[in-house]
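In the two assemblies presented below, chain A is common to both, partnered first by chain B and then by chain C.
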Partner chain A sequence: MQDIVDKIRSRYDVSEVTEQRENLTFVTVEKDQVVPLLMQMRDQEGFSHFVLLTAVDWIEEGVFQLTYILNHPGKKVDLGIRAHINREHASMESAHHLWQQVATYQRELKEMFGIDFPGSPRVDEEFFLEGWDHTPPMRREFDTKKFSEQTYFPRPGSKSYDPREYMKQKLYCDDYEEEQ
Partner chain B sequence: MAQDNNPQHNDEKKIQETREKFLKDYNKKREVESPDGQKIEVEPMKDYFSQQRPQRKDPHKGVIEKFLNWARSESIWVLGFGTGCGSIEIPPLSSPRFDMYRFGVAMRPTPRQSSAMIISGYLSVKTLKRAIRSYEQMMQPKFVMALGSCTINGGMYWDSYNTINRLDHYMPVDVYVAGCMPRPEALLAGFNQLKKRIREGRAEGANQYADHFDWYKANQKKIIKDWNMPDYNW
Partner chain C sequence: MSKLKDILTPFTAWNNLARDPVTVKDPVNDRPGSARYRGFHQNDIEKCIGCGACESICETGAIRMVPVEGVETKEGDSGLRPEVDYGRCCWCALCVDICSTGSLTMSNEYIWVDEDPEAFTFVPGIDPKPWDKEEKGWKKPEPDYELNIKERVSMPQREAEEREDSFIEIVKGYSREQAIAEADRCIDCGICQATCPAHMDIPDYIRAVREENLEEGFRIMYKTNPLPEVCGRICTHKCEDVCAMGHRGDPIAIRWLKRYIADSVSQENYQQALQQENPQDKDKRVAIIGAGPTGLSAAYYLALMGYTIKIFESQPRAGGMMRYGIPEYRLPYDALDMDIDYILSLGVDIQYNTRVGADVTLDELHENYDSVLIGTGLHAGKSTRIPGTDHKDVHQAIKLLREFSKGNEIPLARRIVIIGGGNVAMDITRTLARLQNQKYGEVHIITTSLETEDVMPADQEEIDEAREEKVTLRPGWGPQKIEIENDQIKGLHVQRCLSVFDENGRFSPKFDEEDQAFFEGDMVVEAIGQGMDISFLSKKVREGLDFTQRGRLMVNDWFQSKQEWLFMGGDIIQGPDVIHGIANGHKAARGIDMYLRGDLRYDEGRNK
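And then the complex of A and B:
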């Protein structure tokens, strides 16, 4: 694994390397270097299996973190390639020409996070939600509780308890009374 | 149930716009050629579907209704429609251990043949659309059994962005079976409760749906944004 990371370091601007496990390493590169790096990994290093593409919303830093995970079937190692993209007008180069199934992940990210992948097949069609006209629901500025209360007729009269206090009261009532 | 507390009367024009936006190509007004070579204009939403609202059907009087209700309660035919995690509790019901057939409960493949519908767990908006269509296609009298806390108040999905909280705002519910998930024994108890309700003549869900049709439709249209089907389909 170390030799591959060294090779990546020699040609790309690697800002962070995280060794998660013996067989899983994450490297963080610049946004515009991701697709060339993916292609090199696939064609020259033998990471032929694309595992997943996902996004994390770091709203405090104002970025989305994209993670592409590749697998080397021969060496049984995984390589995660990370990149940060701007939250405002989030857009990323499409990688559907490398693996067909990337297009599906990109459609999902477009719908759930609003990250655009220009040129990706069917990326503007709705993927999972039907007729959604609100903020993409996986963005962290989307308040799902508030949305649910406004939309889905919450049943009145529900109570919530602090779990810690409630369990003390119910399960260990003798100790609780002594404490009071 | 409070029926008129929140009448969301949708603007007719807005509905029309939505429908035009989301209508599938095969449901759009178009010109087709008949086998004889004539040009015919087809408007599927009017020509293929009935525009009539559901009609109230008053129960018979006295002993006739009692006899009919007895017959209905002893042959509950359930639509094979599973949503959420509760649908996995239904197959064991037909196994020898629980054996729902001894209660006169049987599964049917199509809405036209069935008299009861089990909403077996959380309903996403996408599934609700299909559930409403299936419910409306069922013959009167029809009964709805709702399983699990998700159909009562949302359950563990109470703050989710795409699952509904209360089923009784979208279709009339006869029996709730509480639990997360209810076991098949609880379902059998629910069926017994439903039978009791039918015999007492209280299972008037279809009439309730017809009476408060506008209220139910407004609630449904509030959350189903891509309304590309007829208002009532049967």
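And then the complex of A and C:
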């Protein structure tokens, strides 16, 4: 694995290398270097199998982290390629021309995070959520609990008690009232 | 060649015929979830404290905290238990991962058929389910994965060498970063609030630290406690004993966070932060006896209500035990004065060096004031009354501490034996150790108590720090006799104490007479407890009061005595500690307010 990492380092701006375990290493590169790197890994280094593409929302840093995982069937090792993109108007170069199935992952990321992949086939079509007109639900500013409460109203008669208030009522509430 | 390979390759799959199948043999009857499957919920009801962290984290609103039969609300346990609604649950297991006690888990069971849709809302551990005893399933994976931060931010302190001859405060206080990090550990459950005698809004002021809104935190503290500088330092912090985070890690450092807020607001900004005044718009006057925690707390709340307050204090300064009992290395006078000065700034009048009973009588106060509150505390040191205690070199700890606080010189022998295992014993031990260091350059103190170390009433940190300061602690010995030779104390004879209390919890020490020891010393200090001095109660007043069978003064829930104009609180009623005094003072202030409005009678107030 080290030789591949060294090769990548020699040609790309690698900001971070994480050796997760013996057969899985992550490298972080600049956003516009991802597709060329994927292509080189596929065509010259034997990482012929595309495993997955996923995203993490680092809202505090204002970025999405994209992770592409490739597999080398012969060496039985995985390589993760990471890049950060701006959360604002999030957009990334499509990689669907390298592996057909990438388009499906990109369509999912468009729906779940609102990350655009211009030119990716069917990227604007509904993927999993039907009739969704809300913030993309995997973005961290999406308040899942609030959405859940508004959309799925509570059962009639159900009630929850706040432990602190409940203990006060049970253990030490007094009936003092301030003079008006 | 490659063609031959192409033809033969498919036959390699025949190898698999000899392998064990990876599929389940009987998929209809036997289809267990995997060992860490996130299936149906389980809850260990005994372990659960009803903190509601599971409910707070649940993204789908599937958990509700509900009262359940057979679980009682008590200190440290809200009595509520989580009810799960499987119409909403998404089996993400965050509730399991955040659980403060580790009681909530998930079994690997995932099949449940019922015709009644309501059945799918249930209280795990209370409503019996077939998977209750299932071992497999999702548990909190330990130790690598933890949503809660178990370790408290450690408090910077002066090292033993630096403090052993100095009265400079030991604890240095949190920095901003440390306080925020510690406040961040709080899960905001509020279990602590019921246990705090003053029922301070603890989660709220911790939130204020987190959000860096310290003036707001300061206001929140003053709602229930006008002595935050004091309590931020020397409170007995019972709240921390029940902290939800304490079940699997360190409890939140509630006391240190309180101190951080109090220290962050400078004295000249008190008025700006609190925005309070004493309107003095009521024509009623209240006399308070004793400017300790109870008296000061009551004075503060009564002043805000608009009453005219006068405190009668026997000593030259205010503070009571906070000034004359607790040594400066634990509670610097500056910090105490910040709290006191603010209370006095609300127009509370205080008359020093005035002992009620001697300089003014209680009956006079009764005549001149509409109500009187007694918060005189426990200042009379108790004696072991063993032979030799009448010797001039046998002293009472509480008296030595008081004299030393006043700046007077106190007796100091080269070798001292101290009797007592409580915080006062530790206070006098550590005070005398510092003075010995200053005067003789070495410490020679033996402190002995009836109780063994595991049941000594002193705080553990006091015990540990005393040892660090080179004091010899000999717990588990009963004093028998002070050895005196040529009118000089030679030391203390003791015998092994086997138990302190009988099975009814009554004080009845048992000794092993065979196991004797002798602790050498030139001076003995007794610190075995204090009693109250209520000799100022005239016969007439006393006859109108209720006493318990054990001779304790009786008051109703509002600290009102049977003499309805007379209220009492603090160490003479409850405690003894500062926070009970503050809480009693606050409640008594509200009681006095009701009494003066004609809304409170002794019997009606009682047993409500």
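Quick notes on this one:
Throughout what follows, the second predicted complex is superposed on the first by the 155 of 180 C-alpha atoms of A that agree within 3 Å, B and C clash if a C-alpha of one lies under 4 Å from a C-alpha of the other, contacts with A are read in each partner's own complex, and residues count from 1 in each chain.
The rule is simple: contacts are C-beta pairs under 8 Å (C-beta built on N, C-alpha and C of every residue); 3 or more make two chains touch, one makes a residue touch a chain.
None of the values given here were measured: they were computed from a predicted structure.
Of the two partner chains placed by superposition, only chain B is touched by A:131; chain C is not. Judged by the touch definition given at the top, the superposed model places A:174 against chain C, while chain B stays out of reach. More residues of chain A are touched by C (comparison of chain B with chain C). Applying the stated contact rule after C-alpha superposition, one finds that A:142 touches chain B and leaves chain C untouched.
Once chain A of one complex is fitted onto chain A of the other, the partner contacts of A:46 are absent, as it touches neither chain B nor chain C.
By the touch criterion defined above, A:121 reaches neither chain B nor chain C. In the superposition on chain A, contact is made by A:161 with chain C only, not with chain B. When the two structures are aligned on the shared chain, A:152 is found in touch with chain B and with chain C. The intersection of chain A residues touching chain B with those touching chain C, taken from the two complexes, comprises 144-145, 148-149, 152, 154-155, 158.
By the touch criterion stated above, chain C contacts chain A in their complex at residues 50-52, 55, 58-61, 63-67, 73-75, 78-80, 85, 87-88, 121, 189-191, 193-194, 199, 203, 305, 557, 587, 590, 593-594, 597, 608.
In the complex of the two chains, the chain A residues touching chain C come out as 144-145, 148-149, 152, 154-155, 158-168, 170-172, 174-176, 179. On the side of chain B, the complex with chain A involves touching residues 6, 18, 22, 125-126, 129, 152-154, 158-166, 169, 219, 222-226. Per the touch definition, chain A reaches chain B in the complex via residues 129-133, 137, 142, 144-145, 147-149, 151-155, 158.
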